[in-house]
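Common to both upcoming complexes is chain A, partnered first by chain B, then by chain C.
Up next is the complex of A and B:
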């Protein structure tokens, strides 16, 4: 349970961090280290260099605009939980953050780290995909954005390229009438979910989005959720739609359909 | 080694540490603060819970170098804390401990809970304390102790707020004593090289016991005879497999390597194989085994493929894969993800095969083997299960 040796660097700017990342193909970024730490200790990951990005001021920035908020990648789950950052989605982020792992993890684990790590059962991935958020990636020359919905390409794999840093996430502001529902099924408090359902119902902006997360693959994002998700709706209709997206195992299908249905009921009520 | 300066229980401490030294080891081994206990040492059990800038954290997955400039408080640092005194008393009277191993972490987590909540019922206490494991008490006494102190909370003086930053403490404003922001000489290159010896194996003795099997199939638009002939050329076949390279073929023996990548986890399994081809049945069996020299994990497996006619004049290739892992990855199960990744790997192989059969080349521009398939090859897909078992309890959705 001791990591193999690695070197350590503490850049103070994003450009320094990118340069370090490009200078060593076996380097890894570390923010809170709440997932990377265990993997290092178990020697599942053996980087030559850890680049600690938590001392870069831009990465804890909060930028509010009329239609959304940009959160720096290093904002912790606890900062959301404690209401120390604004919540564009009327408390949805705060509630989801509070359900992530345990307090001692939330104080160090970060929103950007969670997204970049791309565990399919991570809360932010499903929640932010439902809210229509985008991540911002910086490569030393410029920035590009991509939707959280398509960020994850496979287990632990994302569309972030080599030499790019996931710098922040932009969460759009839903309209005042928007309803958000989130439900996760896990056996023990704080554990990774077995199924996540997230629903954003925002008729004013024409958004009726459902996300089935924790599928052991990238989240399933369905844009016409109103067509099959209703309050006290038919679970078979939900299963049929999830089936079209490749969920076939009956147990998994049931869990995900129930999670989505409960999220929908929450959003409708 | 790096210089760090931090405050531990109110006292300034400067020390030289290896970057890989976690905070708990630093506290215990460098400062002899053995009240911080290590249970699982990978962030599951909560025994090592300490406060960093007033917020609780797991010191086994927080590295000492990350705490340069931080204020750390261990259980010893709460000796004169009024709230902690109440908790100690309540843990004693309510039987909140037996062996005491989890107790320092329990107390620090409980104090943080009382600090953050004005009210908490038993259910909330259980939720909040769920990151700390106790194997003696069954939790009843612990919950009762925290409930009692919650009830007395109003009598206590105002509790100090944490110095919470938006990012993980200590954050950008903290002083760094380590002057060198750039890394020093590569820490590990020589060490890694010395472990690159390829193991030898007696392939006759590969046990088929305990192999996990998967079945895959795919169709290509070329006649079976052509596909079968292509499969006879092993280096060509390897070029279709993401991350694979064959370094030597002699008779029915081959040596090679397969590189796999699952997010931050990378490995290169080097080893030997033996192939048996039955031309009449167009059926071949490959057995092999290899070792990832970095993690010390070993893999063995068997691939059986049959080249059949497809209804539309093409070829259907049926593949049965059996594999097993030992070493770091000894404990694993099997889940939907294995099938999912096997599908992806088979698809990638089939696509590359079609390209090559059509006269194309799957070589990369510099002539090297195709890149390792992101999201893992077959072997590493089982790691997912291993990770779920080992990490799930701790990393919960973070």
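Up next is the complex of A and C:
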């Protein structure tokens, strides 16, 4: 299949992009295009205008502060994987990036594009929710932030408003003793995850967070993970807890409990 | 021995262009003024076609079956008793019988614009109940895919034997229901067609990504009412076939008609979505199979009822018979037992037609039989490879006519098994299995064996009576004025390395360097008629024809060479690429130069046939060569997730004399990748309305490089007594055995949990469900 006809614009500034976005209600932003490309070809989306935001310098910036790092939305997965950008979480971002799809996808795909697309199986969504990251949205007038944990409102839906651009993501620095665990279950390398478990134990800051991702819904974020995730803990306790969050299908429940348990084991070790 | 003939692992000649991205496929062809086609396809699995609404503005850009005046239906006939053929109209007429069936053809300067046109066509369809499951399709009262059939059965085939007396002596009886999923074949390159009418030649030229160009030509001329001379089919480079490109496509008919109608070249390229959701599928089998054995490990009898979901149409030329029709005759596999009875049904459903896929019926048959063998071994408490050993056809029985009269030409099946068991080191895996894994996974070991009939010819296919029966395979050879060799054959490569291996055969006889041998294949205007490349036949048949033609050239070369050396013909011989006499020698290049460019130097009695020859080849006994193999696998099953990791994979195979062992290894690797797909990943599910549920490659899962194991291949070489040089066809075997070997290993791992998997793919979800069911059963 081939896309239906559309116009293509390459703005050089964020304000130019916002203006284009507001000028056409059927416009769509494109960054790496790793999901949007196939969707265009399948005519699942038929925008009249594609706004390519990858040439906007602000969107590839890195801003380090004492307590975190802001990554522009168009930083690619490969930039994380290759260690070309700093990693506030002691290598966690690099490791997660390395497991996203295939290298060809990582070369073009971007952190902001992945978050804005809000596929439940996306790695960044679960990983960054566990790390307590927040996204920054810009609408041409001002900026607002919101936690990644609440960014996704439904499958392929986010709290980003019409006319807003997801400009970047701020990842906080965990404390030195913090432990991060991440486990994803895929039927094969590079395939969409069937279950993701992400765990951050940061006792110094009082964080014991567990995230169950790839649930065909927004990630499940649980703040008292220590209460039900233990080394060699039994799966039934994890399942019971996930069941409270609406996971009912036995197979899905099993996979998510296993992913969380294995992520927790990794964080303990 | 120059290191270029039969048995040499020379690098492939075709790699130079393939590796540099210089292959030329249908998608690379641009003709002046070419238009693109997109099709409107049926959104429903079964419906009456009441009307097709084409907006007036689109007149001349949209064509339906009503426009295709004079075009006949595609009809695959067979003389098998009881077989019911179908009329497959190139564009739907009256009814649609599968999702994706062609309904209208839209033409525009670009594919995107053609799709814009297609989006504006409205279909008025009256939905009918769909027949989706092959077992349900046989029940009385099931909706009829083809009303004229009176039922949903294309063909019933049987092997009737008396099993009662053998069964009465059995200590154990095991019955299993076994199923293989419907699959897509997924060559990297999909189908593609460019059609152009040439007024000067009064000829239609069709470039098509095809395995059987001459058969396409015959089919097109019949459907379009053209003389065969008016049709030329050219397959350019073909990016994988596997059976998918061994069919006359409705799209080929449509595009040909359109090119003639418009007087302009037209092109259609299948996209991945069309491949997955609309075009032919493969593999879907169901078995109810029972085995009878003694406690000391003797297989006595097998009884089976099989179904093949053959889909909505009987495709040309193989028909809906080929897959199901051979099930009963090949089910006994590599074993020798005394009693057998089987029946197989080719069933019509509202799904795409089934085509034979690499291994054809054998992959499903091997899955059913080899799972039964393991189930019997478990039942009597015997190591499965030991149970196999006691029942294999023995080397001292070769050549062996088995219970269904298949003629196994040569081989040592027990030795292949012994080597596989040893190479995998089954005993070591058994010890590791007993110890248990630190990560909690369960280890399993599995084996499967098969034999593969290849290059079977006239006598076999005459019994099928399908539109295409292979006879003499022909090769046309021409020594060129510079001493090179042109080979022309009607088979076509869809990845088999023919440019290399065929040249090796010619080199073996004539000694001409591979660099100077040029293969012209497939193009119907340039090559002798051939049924094409299918059934692992090209190496044996076209290779044999090339050898026969080369052999005919030898006395002609000797005649001229002897004259140039001033010797009698009996005093000279061919040595390498030179004619050698008692004193001195002349090269084939010298001889060719004289024949073409200096005929004044020829002897007066020179053979007027010169240095061109067409020769035919047919096996005296054309029942086929039988290559065979033992596959042995060790794997780990994560019982928490159902995920399987293959830890070691060994293949001991015997392909007779290997022309190019490296190419054979490549064939096996590729086949195994597909076999792993069948075993663990590939599945095209349909909902209860007949809607295909996997429309992209994120839903239809195939193994990637990380999922295909690093296979260890050990060769045995028992030459076939039937074929030239003892070559056996080996193209499909790699895809036959893996599903059974892997499923047996999974069952070996899960047996202590009371779990046995009998359906492919053995997906994590199926494993999870089975473990859960076993636990529930234990708890209850």
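Of note:
In this section, the second predicted complex is superposed on the first by the 269 of 269 C-alpha atoms of A that agree within 3 Å, B and C clash if a C-alpha of one lies under 4 Å from a C-alpha of the other, contacts with A are read in each partner's own complex, and residues count from 1 in each chain.
One rule holds in what follows: a residue touches a chain if its C-beta (ideal position, glycine included) is under 8 Å from a C-beta of that chain, and two chains touch if they have at least 3 such contacts.
Only a predicted model underlies this, so the values are computations on that prediction, with no experimental measurement involved.
By the touch criterion defined above, A:190 reaches both chain B and chain C. In the superposition on chain A, A:258 contacts chain C only, with no contact to chain B.
In the superposed model, A:250 lies in contact with chain C only, and not with chain B.
In the superposition on chain A, A:42 makes contact with both chain B and chain C.
By the touch criterion defined above, A:266 reaches neither chain B nor chain C.
Which of chain B and chain C touches more residues of chain A: that partner is B. In the superposed model, A:87 makes contact with neither chain B nor chain C. Contacts of A:74 after superposition on the shared chain: chain B is touched, whereas chain C is not. Chain A uses residues 1-5, 38, 42-43, 188-192 to touch chain B in one structure and chain C in the other. Listing the residues of chain A that touch chain B in their complex gives 1-12, 16, 20, 24, 28, 30-50, 52, 54-57, 59-60, 62, 72, 74-79, 82, 84-85, 99-110, 113-114, 117-119, 121-124, 153-157, 184, 186, 188-193, 215-217, 249, 252. For chain B in complex with chain A, the touching residues are 2, 18-20, 22, 25, 40-44, 46, 49, 52, 55-58, 60-63, 65-66, 68, 109, 112-113, 116, 126-128, 130-131, 164-169, 171-172, 174, 176, 178, 181-184, 186-189, 191-192, 262-265, 294-295, 328, 335-337, 340-341, 344, 374-376, 383-384, 387-388, 390-398. Residues 110-112, 115-116, 119, 271, 273, 640-641, 643, 681, 696, 698, 701, 703-704, 706-707, 763-765, 768-769, 772 of chain C are the ones touching chain A in the complex.
The part of chain A that touches chain C in the complex is made up of residues 1-5, 38, 42-43, 185, 187-192, 235, 250-251, 254-255, 258.
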